[in-house]
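Once you scroll down, you'll see the structures, which are given as structure tokens.
In the two complexes that follow, chain A is the common piece, with chain B as its partner first and chain C second.
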Partner chain A sequence: MPKSLELFLSYVINGLIIGNIYGLMALGLTLILGVMKIVNFAHGEFYMLGGYAAYICSIKLGLGPVAGILGAIVTVFFIGLFVERALLTPFYSGRLERPSDYALLMTFSLSVFLMNVVIPIFGPYQKASAPLAEGSVNLGIVSVGATRVIASLVAILLMALLLLLLSKTRLGIALRAIAQDRDAAAICGIDVNRMNPVAFGIGTAMAAAAGALLAPTFLVYPASGSLAASKANAILVLGGMGSIKGAIIGALLLGVLESLGVLFLSPGYRDVYGFLVIVLVLLIKPTGLFGGQEF
Partner chain B sequence: MKPRAKIIIGLLLSILVLSLPFWAGVYWTHVAILSLYYVIVVSSWNLLVGYAGQMSFAHVSFSTMGGYASTLVATRFGIHPALGMLIGMCVGAIVGYALGILCLRMRGVYHSLATLAFAEAFRTVLNLEYKITRGSLGLLSVRLYPGVSKTPYYYTVLVLAIGGLVVLYRIINSPIGFTLQAIREDQTAASVAGVPLARYKLFAFSLTSAMASLAGAFLAHYLGIVTPDWATQTAMSFVLAMAIMGGLGTFIGPVIGAVCVEFLAEYLRVYGRYYMSIFGLVVLLMLRFTPGGLLALARNLTDSVSYTRWVSKGKQMLATLQVRNKVE
Partner chain C sequence: MLVLSHVTASYGDVRALNDVSLEVKKGEIFALLGANGAGKSSTLRSIVGLLKISQGAIEFLGQRIENRNPVDIVRRGISMVFEGRRIFPELTVRENLVAGAYLIKDAKVRQERMAELFERFPRLAERQSQLAGSLSGGEQQMLAIARALISKPSLLLMDEPSMGLAPKVVDEVFRIIVELNAAGTTILLVEQNAQRALEIATRAAVLETGHVALAGSAAELLNNEKVRAAYLGM
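Then we have the complex of A and B:
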């Protein structure tokens, strides 16, 4: 195999590996968008909280990396549940004229609050949680850090679990029904208002899982969430808002595009490519790749 | 309130504002300059979001852009800062127009996502292009006036703020303002009624971006520095808090909000590293409990206190009941 092709493929593989974890983020965001019809601007901060939860469980309490990830998922699920109940549900009680605008502003303010509240608690420095594995894995063309490969596999597993939940269980079917038509779902006897916190909790837990999985390699610090969030947002536009298939494929695509952007354009601008993707999608196909398809 | 009382209060207030640098001291004059800067930024954001309904998280990016553009032309080409501020304003208007074109194709959450992505990308570029912007160190700027006195700056920003508010007031109370509100309430209906959506939205975008850029350019020449920190989400949350505290979609609300929040922020500064978290908490609680802002809160309070209004409401209800009984 020629050297340049090898290089190209190794960047693609790296992109796919990171893309799976982006997918976890984007899937959570898509679930929240589908059920609640808002973009959770604090998604990146739940990712950051997940990283910190993993750090506390695995390093401070010394329970090991697996407990770190589980701890992150469970803790942030309950935080998400609480946040939705306390801050977002009240907007939908019918007193406000444009509740979704205020809900957007609320998630934005929440993001700024969470970003700043962890500074006095954990300090401004970068923290790493316990790595999942030592050494690296040889994938034929390229050898990748074992932690990243395992993180990617865990991300696939979690995405599969969520898809299973959405397609097979009563809860998942209820969530999908609400995403399709809120009023019709309510008429069929689904308690719509009780589903909002559940969707928000699950969605934020997915972000936390992504944060916990990346905490050993990309480190966690107070502002670490905003980068992850901007990627998840780009995926949301790329995949077509609210489409689950779009979120997963969009995530893999963005991972590869970024990786190739680093190879061909400039590594410094890695995090601007997300915006370029949004611009291009809007100019060429404003509905996204899978826009308008069923949730 | 009686008209005479209104005039007296207005007079007292304007004397207070006009003479501020002479009795307030250097520090509070500085705070007043910052709050007038925020009055411009927040009021223009309010036109875009509160009146036209085009949610944007990129507003502070425009004020930062104005600051950088003005500083760059002033330091590189030796142009007078006042002219630089005009150039900064034009740059803001043009980029705002371009972002507006981009956002035309999207509605609701998509729209806010695109503006947020733009803001983040802009900040990243500022940080990375260190040859031009000196990255996170910030760019040193030329001061607008010689000397250390803050008084000329105060009057400059006062003129800018009053000028901006007059422009906004005239627009809001003109057919353009009503059309923008129609677009906010129902885009499709407005379009059916013959409103050229694109033209109005682009107008709102470029006008508000131009105002923010002008304010940002002024601030850069006042502080003598402009940094990428101006364009962070935290900075945007300040603008948001001010608009919400005053009352989104009201003319005077954001003005009151800007002044109140800026002074509140100065008082909270004593908490040091807890400062931003306390501020964030205040914003969250405010959004949660008084989403309509101080104006709505005041209105609700007077509503529940006002006895005569209750009586007239009761009479109205009685009358409708009687009519209904007669019909039946």
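Then we have the complex of A and C:
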């Protein structure tokens, strides 16, 4: 294989590896958007909380990396349930004149609150959770840090579990039915408002998993969720708001595009390339790649 | 079986129902007629709890059900076929029925009901793993009806079941309504096609701008000058 092609492929692989983690993040956001019709502006902060939970479980409590990831998922799932019950129920009460504005302001305020509430607890400095594995893995043409490869595989596993839940279980069918037609789902006997905390809990737990998986390499700090959230939002727009297929493909695409931008242009603008492409996609196809497909 | 007394409801500032009173008796087909925007769909939505009413009462089998959670109302034995079918387009035919059977906790009962419906609607059986959105209009209407029937409702609300369908399919839909009714399901039917609706109905009411303008037996309404002129085009 020529050297340049090898280099190209190694960057593609790196892009796909990070893309899976983006996918986890974007899938959680899509689930919340689909079922609740809310864009969760605090999604990045659940990612950040996941990172801290992994840090506490794996380093502070010394339970190791697996406990770190599980601890992050479980803890944030319950935080998500609590947040939904405590802060978001007015959204569906029918008593608000502009519920969408309420949801936007509430999740945005929550984002700022969570970002600041962790500062006195953990301090402003970066923390790393326990690495998932030592050394690196040889993938044929490229050698990648083992922690990243495992993180990516775990992300694929979690996404597969969620897709399985959505496609094979009654709960999953109910969640998709709500996303497609809330009133019709209600008349099927599905308690649509009771499904909101379920969707929010699972969605935020996905973000936490992403945060926990990246905490060993990208570190965790109070504002570490901002970039992750902006990428997840961009993926949603790229894939077509609310489409699950779009979220996964969009995430992989963003990962690869960023990686190739680093290769061909400059590493300094890593976080810019994806957004440039998104702007281009939207100019050509404003509904995103899979717009109009719900779940 | 179902009694609406002085029901008033609004969408924001727009009044949809203004003092609507009507009664659907057990075993009948009750047709609700009226022009667009007269409040036919709003009446159905208020019955199933999707539209909150501000005044009046709705009673089903002697119990008050107004402004309750739709799930609670469905559990009591009311189901609805929406205007425009409203099947879940990105779910398969089978998944649509699984959603419709959400309140049935027993997997065996769900399987039995689904088998019954597939027997009754063989086209749906053939297409059970296809996405519902890929079905033809007529097939989607059959699916919408099947989804409403899987919970074995004692009262079925049907909102414009013949709308946008080919004449042959319309015939089939009306045949199904008559069959269902003969099998013991009470039906509240909202229809644009007043002639067809009155032909199969026991009794009927005409809504005008949110209130009941006329009510009586279907035969009376078929012969009523005003109804003939306004809704039957004669």
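Heads up, the rule we're going with is that the second predicted complex is superposed on the first by the 293 of 295 C-alpha atoms of A that agree within 3 Å, B and C clash if a C-alpha of one lies under 4 Å from a C-alpha of the other, contacts with A are read in each partner's own complex, and residues count from 1 in each chain.
Rule of thumb we're sticking to: a residue touches a chain if its C-beta (ideal position, glycine included) is under 8 Å from a C-beta of that chain, and two chains touch if they have at least 3 such contacts.
Just so it is clear, the structure is predicted and the values come from calculations on it, not from any experiment.
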*asked:* Residues of chain A touched by chain B versus by chain C: which partner has the larger set?
replied: B
*Tell me which partner A:183 touches in the superposition: chain B (first), chain C (second), both or neither.*
second
*Using the touch definition from the top, say if A:265 reaches chain B (first), chain C (second), both or neither.*
neither
*Go through the superposed model and pick first if A:61 touches only chain B, second if only chain C, both, or neither.*
neither
*chain B versus chain C as contact partner of A:157, first or second or both or neither*: neither
_For A:280, using the defined touch cut-off, is the partner it touches chain B, chain C, both, or neither? Pick first, second, both or neither._
neither
*Considering only touches as defined above, state whether A:5 meets chain B (first), chain C (second), both or neither.*
neither
*Under the touch definition given earlier, write down the residues of chain C that touch chain A in their complex.*
48-50, 52, 69-71, 74-75, 79-80, 82, 86-91, 95-96, 98-103, 147-148, 151
*Which chain A residues qualify as touching chain C in the complex?*
94, 170, 173-174, 176-177, 180-181, 183-191, 293-295
*Residues of chain A defined as touching chain B within the complex*: 33, 37-39, 41, 86-87, 90-91, 96, 98, 100-102, 104-106, 108-117, 119-120, 226, 230, 233-234, 236-237, 241, 268-269, 271-272, 274-276, 278-279, 282-283, 286
_Of all residues in chain B, those that touch chain A in their complex_ = 53, 55, 57, 102, 105-106, 108-110, 112-114, 116-118, 120-121, 124-125, 128, 233-234, 236-237, 240-241, 244, 273-274, 276-277, 279-281, 283-284, 287-288, 291-292
